[in-house]
Each structure stands twice: as C-alpha cells, then as structure tokens.
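This structure is in structure tokens; I'll ask about it shortly.
Naming follows writing order (A, B, C, D, E, F, G and H), and every chain is counted from residue 1.
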Amino acid sequence: MSVAFKAITTENGKGIFHLFPALCKGCGLCIEKCPVDTIGWAKQLGAFGTPVVEPGHGKPCIACKKCQLVCPDAAIWIERRDGKGRSDSGRQPE
Amino acid sequence: MSVAFKAITTENGKGIFHLFPALCKGCGLCIEKCPVDTIGWAKQLGAFGTPVVEPGHGKPCIACKKCQLVCPDAAIWIERRDGKGRSDSGRQPE
Amino acid sequence: MPLNIKIALAGEGGQGVQSVAEILTEAAYRAGHQALYIPNFGVEQRGGVSVAFVQVSEQPVSAPKFTTGDIVVALSYRAVERVKQYTGAATTLVYDASLEEEVREVYGDQPRKLAVPALEIAQKEMHPRVFNVIILGVLVGLTGFLKQQEVKEALERQFGHKFARDPSLRDLNYRALERGYQLGSRRGAK
Amino acid sequence: MPLNIKIALAGEGGQGVQSVAEILTEAAYRAGHQALYIPNFGVEQRGGVSVAFVQVSEQPVSAPKFTTGDIVVALSYRAVERVKQYTGAATTLVYDASLEEEVREVYGDQPRKLAVPALEIAQKEMHPRVFNVIILGVLVGLTGFLKQQEVKEALERQFGHKFARDPSLRDLNYRALERGYQLGSRRGAK
Amino acid sequence: MALAAQPQMPRVWRAETKPHKFCPGCGHGIILKALGEAIDALGIQERTIFGCDIGCSLLSWDFFNLDTIQTHHGRTTPVLVGIKRVRPELVVVSYMGDGGAYAIGAQHLVSSAVRNDLVTIIVVNNTQYGMTGGQMAPTTLPGQKTETTPYGRDVKLTGRPILGPELVAAVAPPGAYVARGSIANVVQLKNFIQKGLLNQIEGRGIAFIEALSACPTNWRTNAAETWRFIEKEMAAYFPTGELRTPGEAKNGQAGEGTPGAPEH
Amino acid sequence: MALAAQPQMPRVWRAETKPHKFCPGCGHGIILKALGEAIDALGIQERTIFGCDIGCSLLSWDFFNLDTIQTHHGRTTPVLVGIKRVRPELVVVSYMGDGGAYAIGAQHLVSSAVRNDLVTIIVVNNTQYGMTGGQMAPTTLPGQKTETTPYGRDVKLTGRPILGPELVAAVAPPGAYVARGSIANVVQLKNFIQKGLLNQIEGRGIAFIEALSACPTNWRTNAAETWRFIEKEMAAYFPTGELRTPGEAKNGQAGEGTPGAPEH
Amino acid sequence: MAAKPIEGEQRAFMTGNEVVAWAALAAGADIMYGYPITPQNEIMHYWTRMAPRYDRGFLQTEDEISAGFTTVGGVLAGKRAFTATAGPGNVLMQEAMSMAEMMRLPTVVVVTQRGGPSTATVIYSQQELNLTCFGGNGEGLRIVYSTSSHQDLFNYTIKAFNTAWKYRFPTFVLGDGYQSKMREPVTIYDPATRGIVMEECRPMVGLPGIAGIDREPAHLRNTYNLEDELYDRLTASIKDYQAMIPEVVEWEACAVDDDEILVIAHGVVSRAARAAVDSLREAGIKAGYFRPITLRPFPEEALQPLAARAQRILVVESAHGQLERQVRASLYGLETPVSGYLRPGMGITPEEIIGAVQQTLRS
Amino acid sequence: MAAKPIEGEQRAFMTGNEVVAWAALAAGADIMYGYPITPQNEIMHYWTRMAPRYDRGFLQTEDEISAGFTTVGGVLAGKRAFTATAGPGNVLMQEAMSMAEMMRLPTVVVVTQRGGPSTATVIYSQQELNLTCFGGNGEGLRIVYSTSSHQDLFNYTIKAFNTAWKYRFPTFVLGDGYQSKMREPVTIYDPATRGIVMEECRPMVGLPGIAGIDREPAHLRNTYNLEDELYDRLTASIKDYQAMIPEVVEWEACAVDDDEILVIAHGVVSRAARAAVDSLREAGIKAGYFRPITLRPFPEEALQPLAARAQRILVVESAHGQLERQVRASLYGLETPVSGYLRPGMGITPEEIIGAVQQTLRS
C-alpha cells in the first residue's frame, strides 16, 4: 500500500482502538452502535475539521467490533488485546 | 348516423346474417369461430378486394352471434329470426 | 436515345406491385443495366395503396423517386387517383381494363393509355394469383429492354422454391408472362 | 471612487462562508446598494472547499463571478490554495491566523494581507459557532460600506428564530460581529 | 324491416372512419370494440379522452367519436396523466402495444402503477412489434420466430416473455385494478375494461388491462392458426383473469398510519 | 507491534482516494465496504468492472482499484450489459441510487430482469435523491418531508414507496437472485452481495440487491436519528431478506419446452 | 379562489430559481411537471412550497421524458403548464418538445444551462443553445428567450406563457446555473399591474359537448402517412413562424453608432459584455454592444446593419461557437471580420472581454 | 474463427439496409445493439440473420437510450460495436452520444433519416442534420458522413469504424429512408482486398492485470467538479478535433471552374443535384455542383474558393435550411448570394432542381 494513515491508538477494555483521524468524518454512527457506549467525541479534529471519536466514555470496550463494522470510512480498527484481532479480513498493514 | 353501409342479408337457420362488404376484410376469423361451420367464402369482394363471407356452408346457423362478436371490423350483424336480435347493444340502424 | 425509363406502379396491398417492380429491376440489373427500385411505405402494414417506383437506365439513376413517369400503372380504383401526380402528357398510362370508367373520369383525354384486361385473363384463363405476372409481361413488352428469358430467370430466382414444390406453377407463370408480353409489345411496337 | 467591491470567501463546508456572503449581500441590498452573491457548487454535498463570490456596487453588477477579488478570504488549509486564482497584486488577502504558514508558502510576498485570529477568538473567548460572524465583522469593518446596525438587522433576519429561542445567542453574535469589526476596521482605516 | 340493416358498432365508434386502418383479422379491432362497448355501457363518451401510442395502436387516432391524442412510442400514459392531473373530471384511456408499454415505456408504467395514477391503461399483447414489421417484443414467446429472432427467441440470450399485469400488480398499491383478458373471450375482456374504467371514475386508482391480441400480418397466420396461437401458445404463457381488484390488501406494504418522516 | 496500525479497508478499496467523497455518516461507504469485502472474498478483483450512476454513487468513480465507468443517471445497467455481452468473462457491478434504478432507469431494470442479464445490480435506497439535494424518490416514505414534498409525501397524489426487489422478483425468470439488505446489518448485506456476484459468475442470471442506506445530509439527522430512521421507519416499509434464490420455480410461467412459434 | 401570489410590485433579493417560481405563480401557471436536476432544482422546491397556497398543481415525474410529455398533456387539457430542466435533462426533453413542435403545443420550458456535453458539470455554461433552439428531429420552430438577469427571468418567464399560447410554438426560457443560484435584486410584480394580459388557454381535448354528435371530435396526431401531407403541415407552420418573427424578436444594443468593434453576447455573458463596452468607451475605445434576447427567432434584421457598420465583430460566449455559428449564418453576405472569445462551460468577466477586444483590435 | 463474410468483391442488387448490414459484417463489427424503428429495421433483420454465422453478437434493447448506452458499453469493452436508428430514436440516442462525445468513445451510429419533427413520417427526410451534427448538450465534436448511394453506404459504414477508433469521436453514417428501402447495384467487398486496414480496437476497461497492483485502474468519468477541469478537458478535445479536420473532411465537386451558379446538396439529394447540373450544362447553363460528404467537420475550406468564384449559390435539401445554415455559417465573409430550395421531408428530383436553378438565375 502506497498510502499510510496515522492512527491514534487507545487501549480500552478488551480492545485496542485504532482511530485514523484522516479518515474519520465525525459522523457519530459508531458512537450509537457501541453496545457499551464507550465511544465519544475526542478533541482531535478529523478529515472534515470536526472532532474524531475515542473510546473511554462509557463501560469498557468488549471488542465486539460493531463500531468498525458500521464506520462508513474505515476509520476504526479494533484489535483484541488478546491478539486475535490480526485475523481480520481486509487490508493488512504492510 | 351520417354514414350508411350496405348489407348483404342472408337468412340461414335461426339467424339473419347481415354482412357489410364495405367493412369485411376477409380475415376469416368468424369462419373459424362458427360452432356450426356455416360461414364460408362468398363471391363478392370486400373492403380489401378479398372475398367476403356468407352463411350456408355448413349446418344451419344457431344465431349464437360468435361471428359477430369476434369480427374486428363489425362487418357482421346477426339478427335472430324470431325477432329478438333487435335488442343487441350497440349502434342501431336509424 | 439511351435507355432511361421511369415507371410508377400502384395497386392494393395484395396485388403484388412490389414484386413486379422487384423482378423487373433485378432482371434489368442482371442484364447489365443500371436500375433502382423503391417502394413507398407508410405506417399501415395493410390497407394503403402500394406504390413502386422503378427506374432503368444506362447511367446510374439519380433521385430514387421522380416527378413524372414514362409509364404509370394503376391496378385498382384508389390507385387510379393516387398516381395522377406522376402522370404527365408524355406518360403512358397502363391500367386494368376494369378501371376504364375511373380512368376516364380522372384522366379525361390522357393521350397515351393502355387498358389491359389482366384481371379478367387471370381469373378466367389462369389464376387470380398471376395477375401481377401478366402486368410484368405487359411492362416487359412495352419497354422492350429485357429479353423474355431474362425475366424468366428473375421469376425463377423469386419463385424458384415455389416452382420446385409445384412445377405446374412455373408453366402458369410463364404463360401469364407471355400473355402480358403480347399485350404490351403490341402497343410497344406502335 | 464609487463603491465597487468584489470579495471571494472560501472555507470548509461547515465554516459558514455561504452565510457570511448571504448576510453581507442581503444587508448591502437593504442598504440600497446593488449586490450579487453566488456560491460555487459541485456534485459533492459535503467535502469540497466552499467558495462564495460577493459583489457590492453602485451600478448593477455585471458578471456573477470575477477574475480578481478586492478582498479574498481563506479560512482553511485547502482554501488557501483554492483562492489563489482570485488573488491579484491589489487584493487584500484575509485569512485565519492559524494558516500563517500555508499563506506564506502559497503567496510568498503578497503585499496586502490580514491575518485574523478568528478561530482562536471564537474557541477561547466565545463559541466555535460564531467563527464566521467574526469574519463577517472583519469584512464589514474592512469595507466600510455597511453600518453595524444594518448588519445586525441582517443577522436578525437570518437567525431571528434562533435568537428567539435563546436570547443569549443574540448577544454572542453581536459580540462576535463587534470583535471582527474592530479587527477589520483597524486595517480598513489604513 | 322498415330500416336498412346497419353494423352493430358501439355508439362511440366513428362510422365515418370505418373500415378502420388495421389489417384484416387484427386483434386491435376486437379490443377497441370491447372498449367501445364499455364506454357505451358507462355512458362516459362526453368525458372520455382516448390516447394512443406509436405502434399499430396509432391507427386508431381517428377511430372513436372521442377527443383523441396520438402520442409518441411508449409515452401515451404520461400524456394522459398530464391531462388527468389538471382535468380530474375526465376519464383517460391509454391504449398501446406491448412494446410501448413494456419496453420503451416501462418506466412510465412502473411509475404510474407506483403513483396509482387515475388512468386506465390497455395494453395490446401481440407478442411482437406489429407496426415496425414484426420484431421481438418483451412478450415474444420462447422459440418464436420474429424479424429479430429469425432462428427463434433464445431465452438464454433474450429472456422469457414479460408478465405485464403481474409486474403492475407487484408494485401498485391497494385500489389498483389489474387484469389480463383476451380477444378469445370478448365478453370477459369487455367486462375487465369496464371495471377498469369504473376504477378510475370512482377514484380508486390505476387500472391496467392487458389484452391478448392477434397480429396475423406479422405472425403470417391464417385464421385457424391465428386462433390456435392465441388460445394455445399465448394462453400457456399468459393466464387470463383478474390479478388485483380494489380493496384487496397488499402484502409486504405497511399500513397508511405508519409515520414516515425523520424529524428535522 | 512491528508494523504501524493501518485501516482495515477491503483490499480492493483504493487507499489513495480515501477519505472518500461521501458525506459524514453516508450509507454509501458502508455498502461499498460490504461490496469490497465480497469482491475480496471471491478473489475477482482482476476481472470485475465497477459501474456507477449519476447520483451520489458517482462519488465512487475512483473508489476502488477496479476499472470503473461512471455513466449517466439511470444508465449504469445498460452500459454494463453492453460490456458483459462482449466480455462475458468479466464480472460487472452496476451501482446506483433508488432514483436512478426505480425512476429514470426503471425501463432498464425491468428489461434486464426480464432478459435475465448477467449483471449484479446494487441499489442504494436512501428514500430520496441525495445528490440533487433531497427531493422525493419513488422510495420516499408516506408523510416524509423532502424538498419536493415539503409538507410530507401525500400518498394520494404521489403514491407509496416502491418495492424494488419485489418488482424485480415479479418479472425475473428462474436463475435470478433478488434480495434486500440494510446497512443496519452489514454482515448480511455483504453475504447478499457476495451471493449476487456468485450468481453472475456462475451464469445463473441477474442478481439484484437493494441496500437500505442512510443520507444524514438530506435527512438532516444526527447519528441516533439516522439509525432510528433506517431501523424503524424504513424497515417498516422495506422488509430485508432474500426474495429469490436461483433454482426456485417461478409461478405463472410455463416451462421451457412449450413450443412458441406460429408455423410460417 | 386563492389570493394573488403577488400584490402590486415588490422588491426582493433572491436566487434566480426562486424568481422563476414566483414568475410562474404570477403568470397564473396552473401546474408544474418536473424531474430534479441541478441547477434547476430550487424552482421545484419553491414551487412545491408555494403552489398549494394558490391551488396550483405539481407532479414529480419519473424522468424528463415524462416531465415533457405530462407537460404536453397539461397543455392539451388547456392549462398553463410548464417544466424546467437542464443538461442531460434538456436532451431527454427534446423528445416531447419535438412532438410539441409538430403539433403546435404551447409548452413552456425553463432551461438552466449547465456544463456539457454529458454530465460534465452541474454548474454553468451556454452550451445548450444549439440544443434548445434546434433540438429534436425538426426544424427548430421554437421560441427561445435568453435571460441575463433576475429581472429578465421574471419578465420572460411570464412572457413565455403568452408567446407560447399566442403563437403556439414550444417556448423556452434559457437561463443558466449562475442565474439559478445567484442572489441579486429583482422587482416582482402582478402582471396585471403592468397592463400585461395573460393569453387565454384553450383546451385541445376535453372540449364541451359530445364528439360526433354536438361537434367534431378532436383527432390530434403527429404522424402522417404521406410525405406530401407532412410537407403541407410543415409549410403552414413555417409560414406562421415567419409571420411571427417581427412580432416576437427581441434584442438590445448600445454604443453602436460609431463602433469599431461590435461585441455580441447573450444571456448572463451579455452583462459582462455590456460592462466591458462601457469600460472600453471610457478608455476611448469605440466598442459597441449587441445582445440577442430571442435566440430563436434570431434578430438578424436588427443585427445586420449594425454588423455592417462595425469594422470587427467579437462574439463572446461560454460555449464553443454556438452563438458564433448563429451570428455567422445570420450575417452571411457581410464582410466584417468575426471572431470569437469562446469559453465552453466557463464564466466570463468584463476584464476578460476587455482583454479579448484589445487583442482583436491588435490582430 | 468463422469464414470471412465477403470474399474479394461481389456485385449485388439490394436494399440500403442490407448494404449496411453487409458493411458492418465486412468491417468486422463485433456486435450490434439496437431498437426497432422504421426505416432502419432491416439493418437489424439482416444482421440477426447473418451475424450468428460469423460469431457476431446482437442485443435488442428496450429503447434507443439503452441501445446507445449498451453500444457505449461494447466500445468501452474494446469491441467494434454499433447501432442504428432514426427520427425520434435519434433524439433519444443523443443522451448516450453526448456521453460518448465527452468521454471520446468511438461509437458508430447509422442514422436513416425519416420525416420530422416528432413521428411525422416513417419515410424520408434530411431533417436530422442538426440533430446528428449538434445533438446533445455539447459542441458537436462528432464525425458525420452523409451518404448518397448504396456504394457510399457500404464504403462509409466501413470507414466510420476506422474514423471513430482512430480519432475517438462519436461517428455517424447519415443515410435516409430512401436509401434504406431502395434497391440499386452495389459492389460489396472485403476491406482487406482494397488495402483497407481496420483500426485496432482497444479496451478502456477490463484491461489485463490487477488494477492498483500491476497497473493504475481505469477510472473513467464524465462529471467534473470545477468549471476549469471541464474547460481543460474540452479544450483538449477541441484541439484534437481541429487537428483531425484536414485528415477527415471529405467532399465532391464538379463543373466548378466556370460556374455561374453553384448547387450544393448532400446525401441522396446530391444525386439529383449532380444530374441536374449535368442537364443544365448540356442546356448551356453554367451550373456547378458541390457535395459535402462530411457534414461534421464541414468542408468549408474546400467550399470557400468555389463559392467565392460562383455568382450564385443554391442549397438544395429535404429540410428547411439545415444545410443552408451550415453553408452560410461556413462561408461567412463571402458575398455570393445564397438561396435555398428547401423541401422538408420531401424527395427532390433533378427536374425540380433544374427548375429551381432557372428560377434563381431569373430572379
């Protein structure tokens, strides 16, 4: 992959929450879908100059990946802290 | 009605068979639908220079009006010899 | 004068004027002439008067239609009226003899006329179907640019498959052609 | 010289440049000037740089867009680049102070520049939402063809329904306008 | 008899233009007889507008003593919908061929069905494009030879006959009337058309009637073959009957009361 | 970790053009993720052609590492059908909005369904015309406010939401695959799309997938309202699931063997 | 009856699309049929908000083909019906408009030109001149008003209905995306207050009485069986069209008494041309200005003497020579050199025109 | 591979529609997409009979919009694809052709003109000149060959594929209903035997290799976000178009050395014009003849000196001044009086032209 995106990585609960600010448009869809309400607005601004998201606003992350699934911009990557996250389908870091 | 059509009128079986040569295009659809096969080709030529039809080629007419019903050109009018034919819906002679 | 003939034929849908035109031009083409044939066509599949425009010439034909025909053929009541526009003083008007009355009405003293009793001949002596082949014969006779053999070959190409099924048809068609040819060439010779 | 001002404003979708342009021209129109405002628009609903073209004049405005602005306003990183084509030697370039670096890169020694710390003021002293009202104030101050009262009335027309719900908003907006006005008129006076 | 016998044309037929322009044995004449009788029966001559398409239906442009508008290929329904929207007191009849309805005009058919436009549409299914000389239509039967399927319609490449009424029934809301009749059953066909007109008059919704028809000219059939083709071949693919009668609930469609707008 | 974390985009996504051009929270991005994953799973990147419409789908013209053709409003399917007919080894994906599919392009949809064209069609149902700023679409819900139904969609005048997959299912022959998914169930949606691609690859017939999507920009909804609108309002009108899977017999349609041609 | 949409006169500052909606209301338009396309959308948006208050109708159709044919239907029914479109929508609209041209139906279409060909841009151009004047498979028997300002949009939208119904040729108001989206001052008014009488609209179908009994039926067709029938029909239409020209043709000119260079432009570009000519005059350059308002019929009689007098002609347009071709064809016989400043799909400013004039004069 | 459709050369007597089908076969056309319309139907009829024998494809679409866009698809896929249409079908075809114009797609369309506007007649006219040359919302960056005979139909149908693929502009063969339906002699041939090499067709999508890995993806669009992007694209196309003109433009002239009156006609009417000029010469009247073969680009450079030399110009066409407008625009700057013998939708005979010439000379 010739393009690289910088991540903000936050460990939270069972998950490692990678957020790519250059991709996040601040739509909030992920926030609504998180079963433990851990996602909330961060200070950092994203692709459209609006705040990006971060975990840590509710109960601990259970690494269900719902947020990753619904993000229209592929701006979230959830790894499991137990290391199973690398089996995700999709583009792998090189 | 300002337009008048000349009829060839033939009494046959239970029916009075009025055929309007100016309308008959000689398609033969009526011939095929007559349950008693009484309709056949006549000598007279019709609208398209092809023969018109006439009764009397098979068993006697039973005045079922199938021929009238299927004629695409309204070239047949069947009256019942018992006089009930005048109750037909549609344009009446004036 | 070099060959340059314009013929308009008109009749009812079933009368086969387009076949006459097609056979005539195809034969002319095969005989080494320049030829062009165009049918008229409208939105109705059946029911309108069918008109065919035929041109045979030594030079490539220019416009597909023409203002005035050398020969104009009318084979039905409505056709008589319809072809009037293509009929000039020098035009020879060919028509079925049964249309005498209409022709007189519409054309009055048209100087060149040829009434052909094709309908009668076809019905009485031959078969209604060959009506148009009689007309074809008339035109061949009248114009004189085709040999009968060339027309027969063209008939063969057009109807060969039918002749194969029923060889008596061939003879019927040849007779119709011959009969028409006689009628036409008698006048053509004048 | 009769009033004849051309302003191009550019920013990101959410920054409210179109509102600034609309309020400015509406106020100018009400104040009896000729005015014309046109937004740029493309196929993307969100995401492109938003550009607004404003003209205020004593004469009816001719073309809706112009080659070179008297004032060009750039409010985001991408906007700095985008408005370069409208910036001439005589143009005053207004930009958010946070873009200093980009402006230097793209414009080098542009003679007339005005850096406005609108983002900082809005975030620190007021509310991010009134960022564009500060810019509006700057333009009013810089150009001087509108009385503050006229702009306030225009704000009222645009946001009246919001002010009615939350009257503190009115004050906030007036303060933002005033703050921008100060920044603009200081330079405008030069 | 005191009076000379005269043809039993529907009153709304215009005798001055008869014989009509259709070919010998053409089904259009039979369908227009059924339509004429339905109009007579309902007594709506004074307020009926007849629209015909390009396709052989255009040959009916002077067929009736009705104000008539002959439109473009596939565009009859939009023209009549345009009329109906501003003159709701009129009864509008959109008359066209299977090509006009199911090919070039399919977007209009789908949309009028979805909108439940107050129009009565009659589609003449003759399994091909009559006026242009007999090319494949969406209704052409598998294996049928036409001018553009000279070796027979290959379903693999060109599909199977479209089921028009079934299509309309799938998208039209309650209130719609949808049926398929045939010139092989003129009484039923007239009945369907009459119900279709009534559906419009009573403001219930769209009415769509497909009529199985005959095109002996392009089929190159004699009368016996014509009937056989309609009654055997076509009937096998196109079942006649009513598909939707007003009032009938539509499955998969939520009720009127469901709120729909996101709150702004 | 030795390697820096990178976004989990489908391999077929083109990272160079990300972030993509859709609005924040737009459902198109989710659907194109499902499509990307389905293409990845089938390993067909090398032979897939992506076609997008006018409508917001056009914003995906440089979305994938796929040869892509952006066409006119409603015309994506014809272009791809044109390609498929001469390059059957390719897998063609026609991607468009509900306006393109069900309004201006409805004749193409109906005809491709009837012909059983080997194309995979994905229709993004966002209940209105997104790109042009939020006008009524055939899918707009009753009572829903749009720019052309400012007082709410009046079903009496403009009809009820069209049921696209139901329409396709009504006319497509056996071999067709028809389903409706939603961005509210991405895994199912991906599964439907993958089956739809497979249906084409295996030459069975047309594949048609409608995807319920979100347009927060024109709905003017925040994230919570967006999800509620999709999961409650839209779901009430548009049931998700598979409507046709290949092999299933089609009622009312005669078998292959029936002879069709009149004898000439 | 609902109240009048506009009482007397009112000044306003609004977008061009809003102006069109107001004009159609003021003109008494009964119904709009339409399909969304940028940049004409807001005409529909304003119309759908306002129309119900005045008992006017609206129908959103499935495409522009249907928008055109439903408009034809509305007109046949005797109503003041209109539609609006642009770009690819204008291409599709030609099918119905060619039927209107054949059948002499007074349709009104507002066109807001966008970039072309194809989808190109949703923004602006003057590239739909050929299409609007000569689109379809006919002879361009149409009336096309090219507007340059919101005032024009208002005035000519009203006028279009009257021209259409009086002369019975399809009539177009040719605007563009700039005019659609920009805001500028305009005076909107009730036509009656300016003495404008709206032409009566008469139905062509759905006439009173029973056809065939009380009256002849209206049997309207666009198809002829014979070439001669068509020729006669067209010859009559062409005659009517030509007779109409002097009554309908409109143009604007200034500074044309002594000009060395005549600048010709239409639509919104004519504003820039006018401004450029003013500036040039101030700078002592003898420039003149001509603006055709009707592009069909084209004001060739008015233009000819002016063009003959000028030493040079410069055609300025946001298209590649569509106006220029019309100018050349109309002025055939003259020898004044013609050149073009042609910017397909791009806005044109007075400065650019001044530059182009100066370059032309140098060359 | 199937055998060649035509071995060497063959003389034949057939209809024009049949000629087109043979020509497309001979040119190696891979597929025809089409929708029925008179008078082009028999092209499809012959094609569907013959194509399967040579592994060529056919798809009957649901309308002309789809015929146009599937043709676009076939071309994008790298195949020699074509379609044929007329009249209202030609109107609808413009949508796809405007996309082809924008994206430089080598589509080939055979147009068999019929009476217009609207459905008018199914027979004949030359009224689709404007539409075919300038249809759509663009600038007419197209190539239009106007044929006059079956030999032309054969030659230019083959040539159209080569011009299209070489220069990448949509290319049209403009015939008419007369040519479609009439029978006349023609020589059909395998292009190779005349040394004609068919241009290679290259795919624009479906290229070898994995996009993004082995190569860049083909990302083809017709929509631009900014006016400037569109302008640049169009400017490049216009430049290519202009560079192409001298290579593509074709015309025919005779008796133009000393003519007092130059008769200009295109298509089938040019045959009558040629015959008329021959007759007039025989009668001692100094008439000349000019026939544009490419209507787009128009052979204006060739025509100008001839027109300048002539004392009068008579444009003859089966339309109301569509060619005449083109002639006037192209000859702007000359003073030779131009008049027209204009017969929309009617055939024109040599006799009529002779009459018109004589009348022109008298006037």
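The criterion applied here is as follows: contacts are C-beta pairs under 8 Å (C-beta built on N, C-alpha and C of every residue); 3 or more make two chains touch, one makes a residue touch a chain.
Computed from a prediction, not measured in an experiment: that's the story for all the values here.
Chemist: If you walk from chain to touching chain, how few steps can bring you from chain C to chain G?
Modeler: Graph distance in the chain contact network comes out at 1.
Chemist: Which chain is most remote from chain F in terms of Cα centres?
Modeler: So the chain farthest away from chain F turns out to be C.
Chemist: Could you work out how far the Cα centre of chain E sits from that of chain F, in whole Å?
Modeler: 31
Chemist: I'd like to verify one number: the distance from the centre of chain A to the centre of chain H, where each centre is the average of its C-alpha atoms, in whole angstrom.
Modeler: Chain A and chain H have C-alpha centres separated by 59 Å.
Chemist: Let me have the rounded angstrom distance from the C-alpha centre of chain B over to the C-alpha centre of chain D, please.
Modeler: 87
Chemist: Between chain D and chain G, tell me the centre distance in angstrom, where each centre is the average of that chain's C-alpha atoms.
Modeler: 35
Chemist: Where in chain F do residues touch two or more other chains at once?
Modeler: Each of 22-24, 54, 58, 72, 103-104, 106-107, 110-111, 131, 133, 138, 157-158 in chain F touches at least two other chains.
Chemist: Of all residues in chain D, which are in touch with two or more distinct other chains?
Modeler: 42-44, 46-47
Chemist: Considering chain A alone, which of its residues make contact with at least two other chains?
Modeler: In chain A, 48, 50 touch at least two other chains.
Chemist: Hey, which chains are touching each other here?
Modeler: A-D, A-F, B-C, B-E, C-E, C-G, C-H, D-F, D-G, D-H, E-F, E-G, E-H, F-G, F-H, G-H
Chemist: Would you tell me which residues of chain F are touching chain E in their complex?
Modeler: Contact set of chain F toward chain E: 102-107, 110-111, 114-116, 138, 140-145, 152-153, 155, 157-160, 162-163, 166-167, 169-171, 173, 219-221, 225, 228-229, 233, 236-237, 239, 252-254, 256, 258-264.
Chemist: Help me check something: in the complex, which residues belonging to chain H touch chain G?
Modeler: Going through chain H, the ones touching chain G are 87-88, 90-92, 94-95, 98-99, 101-103, 114-121, 123-124, 127-128, 130-131, 134-141, 222-231, 234-235, 238, 319-322, 325-326, 328-335, 337-338, 343-347.
Chemist: Contact residues on chain B for chain E in the complex?
Modeler: Chain B residues touching chain E: 1-7, 9, 18, 20, 22-23, 25-29, 31-33, 47-48, 50, 68-75, 77, 79, 88-94.
Chemist: Under the stated contact criterion, what part of chain G meets chain D in this complex?
Modeler: Residues 13, 38-39, 121-123, 149, 178-179, 181-185, 268-269, 271-272, 274-275, 347-352.
Chemist: Taking the complex as given, what residues does chain F use to touch chain G?
Modeler: My answer: residues 54, 58, 72-74, 99, 103-104, 106, 129, 131-133, 135-136, 138, 147-151, 157-158.
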